[in-house]
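There are two complexes below, and they share chain A, which is joined by chain B in the first and by chain C in the second.
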Partner chain A sequence: MILIGLGYGCKGGAATAALASDAAKRVYVAPGEKDEVYAFLSGGFSGQMSVYGIPSTRLFKIIPVFSVFPENGYGYDEETKNMLRTTNGYVPWDDSHHIEASMTDGKQDGRWLFMNANNSPRLARIDLRSFETKEIIEIPNSAGNHASPFATENTEYLMAATRFSVPIPQASVPIENFSKGDFKGTVSMVKVDPKSGRLSIELQILVPGFDYDLSHCGKGKSHDWCFFTSYNSEQAYKMIEVGASKNDKDYILAFNWVRAKQCLDQGKASNFGGEYYRNYLPENQPAISEKLSGVKMLQPKDCPGVMYYMPTPKSPHGTDVDPTGEYIVGGGKLATVIPVHSFSKLMDVKDKPEHRSGMIMDIPILKYESTLAGEVKKPCLGPLHTEFDGKGYAYTSCFVSSEVVKWELGTWEVEQHLPAYYSVGHLSIVGGSSKDPYGKYLIALNKITKDRYLPVGMELPQSAQLYDISGGKAELLSDFPTVGEPHYSQMIPAKLLMDKAAKIYPLEENKHPYAIKNEKDARVVREGNTVRVYMTQIRSHFKPDTIEVRSGDTVFFHVTNLEQDFDIPHGFAVGGAPEMPNLLIMPGQTRTFKWKAPKPGIYPFYCTDFCSALHQEMQQYIRVLP
Partner chain B sequence: MQELLLKKISKMNRLLILGVGLLLLSVYFLPIWHIALDAPQYPEGLGMKIWIDKITGSSTYDLQNINLLNHYIGMHEIVSESVPELLFMPYVLGFLIFGAFVTFLHPKVYMVILGILNIIILGILGMYDFWRWEYNYGHNLNPDAPIVVPGMAYQPPLLGCKEMLNITACSFPSWGGIILFVSLGILIWVIWDEKRRIDVSS
Partner chain C sequence: MKIIKNIIKFGKITPVLLGLIAFSYCGKEKPAEAESSVGSKGIGPVTSVTLGTLDEGMAQKGKQNFETKCSACHKFEEKVVGPALKGVTERRTPEWIMNMILNPMEMTQKDPIAQELLAEHLTQMTFQNVQESEAREILEYLRKMDKK
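This part shows the complex of A and B:
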């Protein structure tokens, strides 16, 4: 008996070790080899986006988006500081939640990524050639841009809906008026220019004052529709934790954006106020910041058929559309089932009075059972988000029971429970929100780490976990710490991006007004108390290399990196400069360091990015005269 | 011997000579020589191409980057303008092509032999000139250069590969050069063929 027991014990141990080493092999990317997938993770409260390789989970880059980044001067220099301009002034931080990849025909096309800022309602476009933020648009008439930026099938529009309903237009009204309907939300249609990617706000629709949480747009037959979850249909304004959790069902708002556009074209939307900024960074020129004012606002009552409410239990968070476009999965934070609505049923019943149970602001409320395709019974606690593997299975994250649940579309049967460490929010499958999932890897994006890594004081990193979902049973491969809270992610097969990535800015295309393309043009020009230094960098020196200014002068160093070699940026920093951090200037790029000349003395300036054998010699002096 | 020299070449060989002339036209559009540089920090490789009338990088910015590397050791900047031979090289090639067309109209074996001699003489002169430029670039270094390795010269090989500090330099004919060799081969073959005909008929 004892022997048998020992034998079993050994077997079990060996099997576990074999599995672990097998998992290690599957995430091991040998030196010089490349990863299979790019994972783009939003940074939550860091306001940035980070780029990881999958399956190795190596961190490649942090792309600054909504928060200043002293490492490379984003948000500080004369070129990029306008990117963070809003109607509230210069806002150097935000809270970034969701990433959406641009799509053509519902499939990832590798052109752009979009990310929302929740706090100051904003939406950014990141270019996937340079991996840089190229545009940020503010969303007017919104407070908390959470249900954003979810794209339609061909990236015709990005949707953005209000998390915190407020009086629209803004007004100081008693807060208790919330429950009297004085607070409203908006759904914004942000148009994406198909060629340039440029963003513009085409239309807003005024909606009841709930909290709009998340969204996803349809595909295939549901192409014309986007779906938004809402919570706090109780319109509670005190102790919302309790007040907003009373109703057994809140709603998924089904929104026909094609119909909305029709109503706009028929003149049914009216001019509405709302000021907002649109900041655009042309290639190698200073950001252009425009203040725009007024939008077209549509009232649901003026556009019948534009919106319907589908009751969904209970405080729904995620709303996810499967690759066929038929199933709309709700993730009820407090629900004990995962409800799945059927798009075909919605089309059948939406205009039949017997399937309605009421109206809010002229938006029909349909009966729960009328659009229901099925329910996954007792899947877990706190289901939030669902992604799809393209093989008929759905994966839902469950925050409270800290797991990922695999279940089958159509039978609604749970296939597998996968523990997550710990408290998973979103999850992401490669292409899993598109029409064509790549379906090999899944990451769980966790809020809490606890005992997973060496302790580093009371603030621990957040983490993500990598699973292989290519086989019959999903398997945990590894977990890794992340930069900021990994709120949501888009994963894109490497082959779609790696060969297009830009290596340099061609100097001949540099249209920066203060660029110089030759050392011979390097010079110092005085205009009153302003001094402009037209400066070049090349391994391993600056031109001009010694500079004299007067105390109190405003000095602009317009620095052009003349290199045309991949991976040779140069840095620029001036000793003790209080307002400007470092600049990293890419090959062929011009950036501007603004410096108020301090008290008389000698101030060094130098290259901060180890660029060459003589990098330490890439240093010179500024003399400040009295 | 005289019989061979004055022999009128066959119709087929005449067409071959015309073909050589046309083939040589392509040398205006193809690099003649290629120098490839390999260094750990350039995994994608760096290279230089020598054309009939210019020197370029293998890709758009290679020449600039080669010059940037070379500035550490004080090598003169490599630019087409500093090699005056490139100004008359196109005419030399034109002369060879002209010779082929004249031979087509005046198809005698001695004309073919003249052509062979022209290519060989010009080839030897060209290679010598190329070697001389390599020598000068590799040896005439700025004494104020940041990196001075005593006794070190940076002359790339004329043909083949050579290690210089952390860089492996390989020098080989490119398409244009290969065409020149092929043209020479065809002309030699024509002579051989004509000689064979005489032997067979006698």
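This part shows the complex of A and C:
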């Protein structure tokens, strides 16, 4: 009612969500047929990433990233537990938000995905051959790594900026000093090695103590720049919900990363503290965890031209760059317009004093109108985040009025209101944040699911909605429950990934220090109170098959799966092991189960992944002697 | 899960196999088709192999591969997981042996002898990512063992 009164086109809510008449046919993927697109969804508070097929919306896999995963032993075994090391110790959970796909020349290249962890500031790299997490780097001098990991056009760098500003370096100061400027944020440039994908922190830039929310980097003509939204320019520290909503405009920070790198090379950054871990999982070997210390820190005052503030209404969330690199779309969650900045205008006015309205920490503030390309007027309530279809249209999610609005770049006219249920956050279009969107499917990632599915207690699954945007009008096709909060997503055409997916770990390439490649080498070796069991698995037996240890021994089962056949992992579980869950060991892989031999007795161990007609016989005993 | 997959595929196949199932589960007579396949080259990439005098170098390479990829399931003198291999080069054609190494899944679905062996041993032979040249070397090693 209120919405209609205000003149918004949508009537709001799930009741009006019209389904395409032949929707069932358009999402039906017949048995044995493959989906057209992979959708990778972040898991929010689950800390994981999930993989769906589009248009069927079938769930294929959960890739463990920042949270332990007892289903396959990630984060528990001797090989992967170091992946979750941080300067705060072993942190077996995180809050994961955004997924970025690696790009070459602004286009998805199918090599890696990156995902951030907001809570213990971290970034992860997921390999798209094995669909496994290969590297996790901690971000020092940061509290809450939210505005990340947004990649530059050739994945030269990933950007990471602080959600919660804090004293940098950390110090116990009165919290009210926040408003006196004692709290700061940082923008980190994380370098991605173009061959190996290895991550390293090349530079940090100290920025004013706002809350940095989201980012996107430029493309084409705006290649050198990345754009960060910030909220709480009020620097409120109490009742932030109210205190951070006072200013009519906050800022998009325009950051010239090429210039920053230049200043680094000219020696304008100084040595700064900050300890962090970098954890790397080499192919089929134990993770290597390094503790690193110190970064290069740049102050904006020492590098003129590196940053500018573009005022943006109001408490902006998304900052999204269109495929041409010209338009920077803000999503002011409390704004009544969708503001669009022009990159060309930014270039034109950035160094002209008459276009400035002030400075913060030596960063020029430009006038709102000076960089403005246009405004989409009264689009909806609570515009958040925008994706592009590559055909001249943009789609913006609206949290408060629960809808997606389609509008045209250049005319700024709203073309369509698409009802969403309920409280939509991010959107994702296949390739929609790249230079070359594939443009056919859009998913809306929703926060709340009330009344869509059978109730399952107090909490319902969160959900996503699938739309077909290939025709003139976008059409709703289906909706599906998700794993955790589907915070952001990247969708990648299947043809870019499916043929290069790994099938096995080749045994001859297995360089694990405790691998054995031959049943003849299976053995038990005692080193004092430590016992190493060099074990093999193949359908449907273990070697050695009976084992004797002494109570109190520390036993390492180094288990190598000798299979070289696609889709034949074996499991490994020991009865009543309090510290270790199941392991799933891929064909040709070696993983290690650490076990403190308990009180004397007979303990079974067995394979947990149904592997053959004699799977149930894939079981043996450990005798624990007094 | 994987075994279910196998059974489904099993169910799809020819009357030969149905006969075989009847044989293995109900103790009926062996299907006639299985007999007629003796001397068969099997199904797979290998259609013709010319054997010369035993090549010691090849046999040595074959031994190494055999130990890594085959010996967990096959011994020469006794059945372990799979059948004992003593005399295999006399029982089967060289092509059949290589196809069984290179294409075990299709072999156990379509080749009468392989079907019968699966019914007897009940464990699907695994493809161990062996290349065709390596399969030839393994064959040479099997020949060598049979000449002993």
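The rule we apply is simple: the second predicted complex is superposed on the first by the 605 of 626 C-alpha atoms of A that agree within 3 Å, B and C clash if a C-alpha of one lies under 4 Å from a C-alpha of the other, contacts with A are read in each partner's own complex, and residues count from 1 in each chain.
Simple rule for what comes next: contacts are C-beta pairs under 8 Å (C-beta built on N, C-alpha and C of every residue); 3 or more make two chains touch, one makes a residue touch a chain.
Keep in mind that what you see is a predicted model, and the values were worked out from it rather than measured.
Of the two partner chains, neither chain B nor chain C is touched by A:554. Shared-chain residue A:614: touches chain B and chain C both. Shared-chain residue A:470: touches no atom of chain B or chain C.
Looking at the superposed arrangement, the partner reaching more residues of chain A, out of chain B and chain C, is C. Of the two partner chains placed around the shared chain by superposition, neither chain B nor chain C is touched by A:262. Shared-chain residue A:520: touches chain C; no touch with chain B.
Comparing the two complexes, residues 504, 538-540, 563-565, 613-614 of chain A contact chain B in one case and chain C in the other. Considering their complex, residues 1-3, 6, 67-69, 71-73, 81, 122-124, 126-130 of chain C touch chain A.
Listed in rising order, the residues of chain A touching chain C in the complex are 504, 506-507, 517-520, 536, 538-541, 543, 562-565, 567-568, 610-615. Of all residues in chain A, only 504, 538-540, 563-566, 613-614, 617 touch chain B in the complex they form. Note for the complex: chain B touches chain A at residues 44, 60-61, 64-65, 68, 71-72, 146-147.
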